[in-house]
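Each of the next two complexes has chain A plus one other chain: chain B in the first, chain C in the second.
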Partner chain A sequence: MSGYQPIGGKLFTKPFNLFALLALIGICLIAYRFIFGIGAASNLNDGYPWGIWIVMDVVVSTGFGCAGYALALTVYVMNRGEYHPLVRPAILAGLFGYTLAGMSVMVDLGRYWLFYNLLLPWYMQPNSVMFEVAICVLAYTVVVWIEFAPAFLERFGLHNVRRKLSKLLFFFIAIGILLPTMHQSSLGTMAILWGHKLSPLWQTQLLPLLFLMSAILMGSALVPFEGNFASLGFNRPPETHLYSKLSTYVFLLLGSFILIRLADLTLRSAWGYAFEQTTDALMFWIEMALYIVPFVLLFKRDNRSNRQIIFILSVCLLLAGTVYRLNTYLIGYHPGPDWNYFPSIMEILITIGMFSLEIALYLIFVKHLPVLHRAEAEAA
Partner chain B sequence: MKRRDFLKAATVGVGSIGYTGSSQALMREPLKMPPQAVGMLYDSTLCIGCKACMVACKQANEMPPEFAGTEQRLYDTPLDTSGSTLNVIKLYKDGTREIKDRAQDGYAFMKTHCLHCVDPSCVSACPVSAMTKDPLTGIVNHHADRCIGCRYCVAGCPFSIPKYEYHDAFGQIQKCQFCSHLQAQGKIPACCDVCPTGASLFGRMEDIQQEAKRRLQAKPGDTYSFARGMLGGDQPPHEAKIPVYQQSVYGEKELGGAQVIYLSAVPYDKLGLPTNVPDYAYAAITEGIQHTLYQWFALPFVLFTGLLAAVHKSTKEEREKDVSSTAYEEDAS
Partner chain C sequence: MSEWISSLSNIHEAATPPIGINRREFIKFCTGVAATMGLAPAMSLRIAEAATKPQRPPVIWISAQECTGCTESLLRSTHPTLEQLILEHISLDYHEALAAGAGDHAEAHKHSSMHENKGRYVLVVDGAIPTKDDGIYCKVADKTILQHVREAVTDAGAIIAIGSCAAWGGIPSSGPNPTDAKGLGEIVTDKQIVNIPGCPPNPYNFLATVLYFLTFNKLPELDDKGRPKFAYGQLIHENCERRPHYDAGRFAIEFGDEGHRQGWCLYKMGCKGPETHANCPSILYGEVGSGAWPVGTGHPCFGCTEQGVGFTKPIHELSDVSLVTPPNSFTDIFQTKGQGVSVGAAALASGAVGAALGASAVIASRLGKHEEGTSEPQQTD
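What follows is the complex of A and B.
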């Protein structure tokens, strides 16, 4: 029994058209990048080899994409079946987060036509953190599609295949939890290689742990965030009661994250950098505030069942994760005094295009595939 | 998994509790100097800023001129290493710039290119083995036919040496490869070959290290005969006075050591070399973490087995219901 169903309705609504247009602009500019090169389309330079294409479209976007991972952890590992209605939309978020991250990597790779070298055993370099991340992200992208496949199979009435798959699905769900655990932490390890080029506000050997935790936090926050828009946009009752239970886990995890972060800064005596008059320090405090505000809000139990507050919370947490990752990969990264980076218009439009494509596809998928849960659909 | 490894793994596993602040906790063994290492000594006090080495480098590697430093496009004026430049002479200057090799109101030269690190971050960074370190000579080479252009080596190199050709839709990574194509023909790197004062000096790593020590031990003001081209080679030496050196050889220990080492009279950070750095390569830490977490794939395997069991159990009901019932089809129709 699936319990999910497509919500139907007109596809070409105003928001959809807007996102589709932005996505189209992005795609045209991507074509421009492939014809004229990375230098022509972006402000990437010898000092800053990675810009928003990597940081926003991959490092941040896969953080959002951990919605499926975070929920799978709750539903299947902690065996909290009551969250089941949230699973499929969360997996859909993972599907887009990761697939589009993969596409962005292809846009950013300087020698994309040799991409398959990653898969040739005689070139593989297992000591490379990048290798581990690339392979895991690739594998996970395939796994999310398999996890999401039942939605297609139901939609197109391929029930035999669906039944066979559902016997094996537990295997893919388990891999789908293992892989993000590996590569989300490795995204943190990746920055350790930068050593002194990364400000002590972020450079720590705990980066893998912090990145893993930040991924689960971002993923968990995306669920009520997406749910809120689904309920507003499609006139559906919100699943507030489920979010409020989920928020207890978030509260504990968030508390540990903040605690580890503060303890680590203290043990490394890095606080001095937080009180300098620098962009680093400013961004550090913004990041801190974005983590601490939701924590304080969650302290009061009443707040956990307040729909508005849950929405504010989820926005804060998504921004917090975004800023934390942006800080680690870009703001706190100092290649030397002679280098500056601010994304070009084209770079920004490509990134916006990628995220818009994600939203436009989301709209298509929930309208035509069984993604949202029936209980709410009926009540609507 | 050996007991020691297991304990190490357990430390990471509970990293949230046991603080692993001391850098050595997760470090892998630092790499050692290869047996037949070749090296270069750049003595900033000997450099006269003639840039002959930059011209020779461009010729030897068939690289185009670059017009970064001036409006007029008259001659090669790179500001840093780039997709078109593997070697740059940079200038440190302070105040009135009166005296060479003095930190205050003085100036000094600096030669920037790959240091051929003993434990190179770029090699560790590269996912497709496009950066390699020769096990005998220690030369760090780049193989464009393997490179996917991810530019992790660019971000990962502590000296910011490898550069990508951004201007080209089909660009590649460029970096000094110690003129390995010339060395293969029994020649020496072009920059050392043309250096008029011996500021860039090529040689066996051991000899180069001893030579650097000798210079530090010589008395300032004494006349010294500085080898040119290759240490022990046939170019006539260059006679000059021993300056007041900084009493350390840069690259001896820094970041795990390098095969291009530096001598200077002004502090090394003035030359743009990172000085507040550990004696090990950052790659020893990242690889240490990866090896601890992924050795024999043991931890992931244990985790996976656990996950498999947990998920199998928690999806049991769902699975059985789904397989046995036709409820969905009825509902859907």
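What follows is the complex of A and C.
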């Protein structure tokens, strides 16, 4: 029997109602988009065919969704079983991140009804990075549902199936580690293909590596972020001791990330762009600050067991990843003279709706499915 | 190149220009014919030699169900003119429309020529051949054309079917076809026939083929429908002067509209250029300068050289495009390059970011208080 259990409690709390309402608005606007078309709902244009639906809902959201990936990497590859209590909520984050990313792609696709062509072998173009991302994200979405399946099986008492799945689960976990490694780096490769359209502050051959590292950082940061929300919101004892151990890995990874980023900028002589009076430069420094602040905070060993500081730095890291990806995909992307893009109200509301849907579903899931670890028993 | 120059210097001895044409004009003509067929300029020497042979090759021209359009267009060629052709280059021994003699006299001349020039004469047929009821619907000298053709084919050195009717049946063969008219190729199946389709065909495609035969004593390279490749090797669409309009999506929709007056592409009016093989856009018609061909004058090509297109498809029907199909719609030239920031959107975006940051700040501060209160039990975890 696993140590996870549903926390129960009233579903229709104030936060839930708020997020459900925002999600509902988002869903209505998605319906509007499907009836009247992308042009009517968004500010997307030929210069900026990708707006926040792709950048926030897919590129950033799957970064958050890498919580499951980051944890699986730690628990199963580095064989650190002690983090096991964190795995299931992390997988849940991956589940939402990826499933809703897939839904957002459908919203963003102009001719979404041709989507199935992706799966027809005779149309496949294995050298295409876009194809790689699409098929990988799709496959990982399936895998992450299978990885999360034990929660459903336990909840509905299908212990027989649960036991059989346990024997096969290692296979899916292995794939679940392979797939994000592939497509998260490919998200970086995609930006390489834009060539000079992407500002030299972000355009580098190392983008695949940086995107992969940023994904793991975002995923790792989401775990204490979500955990602290949960412990505060549901009055559960904190799992700070686990986060502080985890923070050592984060510290090393973050250090390497910053080092590679700075070295890369230096070797490419791109620093000049950081000192111009442009939005690019401003956003670059915001991004840098958001990466460097957690790194400095983690330097002090005491900070790593301070709950408040762990939360602050996890927020910083999540924002840093968001801004880094936003910068690479939108802010630093210049398709040509006169082109401009700022999301329309409907676009923003749909994106907010998507994230709200994730939170509302999270609340439903943790209350009714065995997601969070039986902490009381441990603490007692 | 040197071969070409020496050939020019030798040309006086080799080929004396025919009477009534100066040497310069004659060499220009021969070079022009060589160019029409895509041959090297030096070949004009051999063409000149062939065209000035004392023994002019005999030609028997049989007309079946036809409108004499092919002959009419041939009459209007200027290099050579028809009289030059038939007096200097070939010996037109029988032609119903052009013969000086008539009746038994003409018929006798034809037979004697065919007998004398057994295996050497060029047989030209224009018009479709009726086959219903043993071909009684077209008769000359008390014999059906079917009989005439079968007779003439036997000893012919080369057979040319001129015009779409002779090449594949043309207009008489299109529905309901009461005489069961057929092209020459369906009547004569055991011999190679050169088809020069067109309604009428460009006379120079015919003349070039004849002169090629006289020069090399063999037929030019043919495609699978028996058409000389030099003339019918490419689609009209490929060399059309209006092609840039097609590629840019500028189409005339109906006669006299803005696009039509601007000389835009006629594809949407049913131009069959994309599925018709001919060199019309390259060599034009009537020698009156540029634009003198159907599409040039503003009428869609109706595909006269292509079996199954000309006289078969309605003129307004869109042609099957085998190369690149034009898209249904084209991107605007003047696009909106982005709507910019609206106040509402900016407020909403900053509000959302602010709310997220605010919520995080609240949690952080509450965690701080929590931390102070529970720092002791923390150690026991």
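The rule is simple: the second predicted complex is superposed on the first by the 375 of 380 C-alpha atoms of A that agree within 3 Å, B and C clash if a C-alpha of one lies under 4 Å from a C-alpha of the other, contacts with A are read in each partner's own complex, and residues count from 1 in each chain.
In this section, a contact is a pair of C-beta atoms (placed from the backbone, for glycine too) under 8 Å apart; a residue touches a chain by one contact, two chains touch by 3 or more.
Everything numeric in this text was worked out from a predicted model, so none of it was measured.
K.L.:
If chain A is used to align the two complexes, do chain B and chain C fit next to each other or clash?
P.N.:
clash
K.L.:
With both complexes overlaid on chain A, does A:Leu114 touch chain B (first), chain C (second), both or neither?
P.N.:
A:Leu114 contacts chain B only, not chain C.
K.L.:
Residues of chain A touched: more by chain B or chain C?
P.N.:
So, of the two partners, B touches more residues of chain A.
K.L.:
Looking at the overlay, what does A:Ile352 touch: chain B (first), chain C (second), both, or neither?
P.N.:
The answer is second: A:Ile352 touches chain C but not chain B.
K.L.:
Contacts for A:Phe229 in the overlay, against chain B (first) and chain C (second): which applies, first, second, both or neither?
P.N.:
second
K.L.:
Regarding the shared-chain residue A:Asn45, is it in contact with chain B (first), chain C (second), both, or neither?
P.N.:
In the superposition, A:Asn45 touches chain B and chain C alike.
K.L.:
Of the two partner chains, chain B (first) and chain C (second), which one does A:Phe342 touch, if any: first, second, both, or neither?
P.N.:
It touches chain C, and chain B stays clear.
K.L.:
With the two structures laid over each other on chain A, which partner does A:His241 touch: chain B (first), chain C (second), both, or neither?
P.N.:
In the superposed model, A:His241 contacts chain C only, not chain B.
K.L.:
Could you say whether A:Arg307 touches chain B, chain C, both of them, or neither, answering first, second, both or neither?
P.N.:
Only chain C is touched by A:Arg307; chain B is not.
K.L.:
Tell me which stretch of chain B runs into chain C once the two are superposed: 5-13, 41-49, 77-85 or 113-121.
P.N.:
Clashing stretch: 77-85.
K.L.:
Show which residues of chain A both chain B and chain C reach, each in its own complex.
P.N.:
Touching chain B in the first complex and chain C in the second, residues 45-47, 338 of chain A appear in both lists.
K.L.:
Which residues of chain B touch chain A in their complex?
P.N.:
Touching chain A: residues 15-16, 19-21, 23, 25-26, 79-83, 121, 124-130, 144-152, 154-156, 158, 160, 163-173, 255, 272, 274, 276-278, 282-283, 285-287, 289-290, 293-294, 300, 303-304, 307-308, 310-315, 317-319, 321-323, 325, 327-329, 331-332 of chain B.
K.L.:
In the complex, go through chain C and note every residue touching chain A.
P.N.:
Going by the criterion above, the answer is residues 331, 335-342, 344-346, 348-349, 352, 360, 363-364, 366-368, 370-371, 374, 378, 381.
K.L.:
If you look only at chain A, which of its residues touch chain C in the complex?
P.N.:
Answer in residue numbers: 43, 45-48, 228-229, 232, 237-238, 240-241, 305-308, 311-312, 315, 338-345, 347-349, 352, 379.
K.L.:
Of all residues in chain A, which touch chain B in the complex?
P.N.:
1-2, 34-40, 44-47, 49-50, 75-77, 79, 81, 108-115, 117-118, 120, 123-132, 134, 154, 157, 159, 163, 166-167, 169-171, 173-175, 177-178, 181-182, 185-186, 189-190, 192-197, 205-206, 208-209, 256, 260, 263-264, 267-268, 333, 335-336, 338
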